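Okay, handing you the structure first.
Labels run A, B, C and D following the written order; every chain starts at residue 1.
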Amino acid sequence: MLEALRAEVLEANLELVRHGLVLYTFGNASGISREHGLMAIKPSGVPYRKMTPADMVITDMEGRMVEGSLRPSSDLLTHAALYRAFPGIGGVAHTHSEYATAWAQARRPIPCLGTTHADYFRGPVPVTDSMTDTEISQGYEENTGHVIARAFKDIDPIETPAVLVANHAPFTWGMTVSEAAQHAVILEAVAKLAHLAIQIHNEAPPAGQALHEKHFLRKHGSSAYYGQPKIKE
Amino acid sequence: MLEALRAEVLEANLELVRHGLVLYTFGNASGISREHGLMAIKPSGVPYRKMTPADMVITDMEGRMVEGSLRPSSDLLTHAALYRAFPGIGGVAHTHSEYATAWAQARRPIPCLGTTHADYFRGPVPVTDSMTDTEISQGYEENTGHVIARAFKDIDPIETPAVLVANHAPFTWGMTVSEAAQHAVILEAVAKLAHLAIQIHNEAPPAGQALHEKHFLRKHGSSAYYGQPKIKE
Amino acid sequence: MLEALRAEVLEANLELVRHGLVLYTFGNASGISREHGLMAIKPSGVPYRKMTPADMVITDMEGRMVEGSLRPSSDLLTHAALYRAFPGIGGVAHTHSEYATAWAQARRPIPCLGTTHADYFRGPVPVTDSMTDTEISQGYEENTGHVIARAFKDIDPIETPAVLVANHAPFTWGMTVSEAAQHAVILEAVAKLAHLAIQIHNEAPPAGQALHEKHFLRKHGSSAYYGQPKIKE
Amino acid sequence: MLEALRAEVLEANLELVRHGLVLYTFGNASGISREHGLMAIKPSGVPYRKMTPADMVITDMEGRMVEGSLRPSSDLLTHAALYRAFPGIGGVAHTHSEYATAWAQARRPIPCLGTTHADYFRGPVPVTDSMTDTEISQGYEENTGHVIARAFKDIDPIETPAVLVANHAPFTWGMTVSEAAQHAVILEAVAKLAHLAIQIHNEAPPAGQALHEKHFLRKHGSSAYYGQPKIKE
């Protein structure tokens, strides 16, 4: 069932590993088939080198197991909550990548200091509220999804496909799981650039609005002109 | 004698190397057979690529040589003192890994700023007292073990399996030597995350108690639900 | 057409990748044949491992396509403007390399703190003005070239072959495209050294003028004595 | 002539490359035969992958060419001056390694904050005076050696085998060229540890004298007990 999705989810998980975003098994990516109302997610705590598409766990949109012999990622219910909250997305990724996690621990949004950021995120990458003791003790993983959704009350999650969960780490998403993983890689690069920049100039002002918009729209929307016209490879 | 333990000790030493925690031969890991009252430890100053399980040195719990033709790690008596002080542990590792060593040199405990830390250490990673001139001049290595034990007077070493020896470097431990090595790897990751975070926000407050407990108990104790149920591989 | 130039341009783009200056496809290098009035530039958004010399796009000095089936780099018109503004140069490179980009985001010129810098850049590496909203909305890429040229009103671009575009990233150039790529690599090293140095001593004074000149002239001009006499390899 | 020394000098130069201390060809190591009064040094600006023992250049202790078809490293006369100033040494290495060079640019001695440093350097790693305009314009490379020797007026160069040349970069030395290269590697590690430590605690006090002495004497002198007894490999 969902052969292509399983393979794409595995590949996205390996993309996180290849870019050095994952220590041991601390990361996970999932993809969804909106048509079937089913998601495929990495199993929990299984070494990457042994993982096959068949190990991906299939659940419904409430996170109930549908197919698979392994336990799903412990963050499963966060993924499920994000798919329900953000109907336009097709994949979710979660890592403890070094620089993005440092911003999450410092509870500071990543300011847009340059065009690398503007190319992919239309505004600063927001930080969630700290979770309440009740949100933590009852339904922690699902509530992590809710606290993320709350942070996007006034932000379009398609245009800013990343968040920093306070004192935890980043989640990213995209139209597909491979895009979600790519956004995790780019978020880490952007987080490092901003970290290095504020060591040089602690009060570095963000890039101007015109520059931000220009770069975002070079890559997104109907007037985009970066890369080759989309064709089947 | 102790074939399996020797092999596990060698493998744990190589795990430290694979994760970039060791420059030249600056690191060591040991394991203990409580049943036999014997420990196996890396020899001193031997290149890793030439090392075999037979090179591991076997000593009793006072550090007296029992089997082996090479000199044991110069930190042998620290390991022995830790095994006597912490009866629940089965392995010890010591490195000069970059970020954990920097915290040790700065004589600052590593605060728990996020869930990566909380997953493995139930509180801040403590720093030992500075050693006195007498502790240094007479029985330095054994006294290093004693000063570590003192730092855990009010901390459960099983729940916080790491320490920073002031102006020196980290020691970690675990139920087995491979767990001790894994804790050295994770300590370094946690030390780097905290280092990066305080550059962003110098007064970053620690993660709340509820979040810390939740993450620690996702991975430890009878209600743990991370990873797959323990099975023989 | 221009077989040798295409091959050299591809090779220079790969040099940027080998030195870790490029994430995904975020970088580009071009070379010019002054004799033909034609430039060869990397195509936009094509994975490096699939790239061949035939994929390089040939344009005239206004950036009008002359040969090639792929879209050129979206920064084409910046390259073209630089070739027109700096008649002595034969190649241009652009990356978002980490440390140089951080200086660009912080809008701080890279001071000459040591001989590594002095060996290659005769003065500080300048930062451009921020671009106006009009410069951004109308002819952004070409205006990026103009704002760079303005920053060199009083600087010889041959002696300081690098610039930081404010809130964007570095451009470098050289007598050939391979020299432009080499300057991008060295700029990143110099940017990192200066970044690390100001963390140690925030007010570190620049290297003296005599030392700067000595090192620059060891490698450049008629009295240079670094390396072997130029011979055909 | 001097076959074994040539091979050892090449190998030491490659050791610098393997440990990431060298960008392009920015580094050099030499060894001396005190018996013959001759030194062997890397040629200038030759790619490492093409280098053979026969490419090493042989000079006398004034730096006059004795054998070799390539130009020697441009820092030749600094090496020669060091061999004359420090009669106990057998090898010299020079790199622009990132962290040690940053300390040199910041003109700050590397304080001894921990045992990694104490294991190899008996005190802080000193910084030279800035060179005068005359020292730079007339006999720059030889004067670099003299300014280093001056920094060791009250320091034993055998016990602290490293220096930071102000606004330039480190030189290290040892009983042999391979030891000189190893000291360059360890200096870089120590420089990084100290850099990271002062970001955590800007006023971190140095390790106490007793700890420093203990660690230095574990590895050096007649009571050393680190590593295996010296035997032929």
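Definition applied: a contact is a pair of C-beta atoms (placed from the backbone, for glycine too) under 8 Å apart; a residue touches a chain by one contact, two chains touch by 3 or more.
A quick note: this is a predicted structure, and the numbers were derived from the prediction, not measured.
Number of steps on the shortest path from chain A to chain C, with steps defined by chain touch: 1. Homomeric contact chain C/chain D: same residue numbering on both sides for under half of the interface positions.
At the far end from chain A, in terms of centres built from Cα atoms, lies D.
Taking each chain's centre as the average of its CA atoms, chain C and chain D sit 33 Å apart. If you average the CA atoms of chain A and of chain D, the two centres end up 46 Å from each other. In chain C, the residues touching two or more other chains are 198-199. Interchain contacts close the chains into one ring where each touches exactly two others, per the touch definition above.
A list of each chain pair in contact follows: A-B, A-C, B-D, C-D. Residues 23-26, 43-46, 70-71, 74, 96, 98-99, 101-108, 130-131, 133, 136-137, 140, 167-169, 195, 198-199 of chain C are the ones that touch chain A when the two sit in their complex. For chain A in complex with chain C, the residues that touch the partner chain are 113-116, 182, 185-186, 189, 192-194, 196-201, 204, 207-208, 210-211, 214, 218, 225-229.
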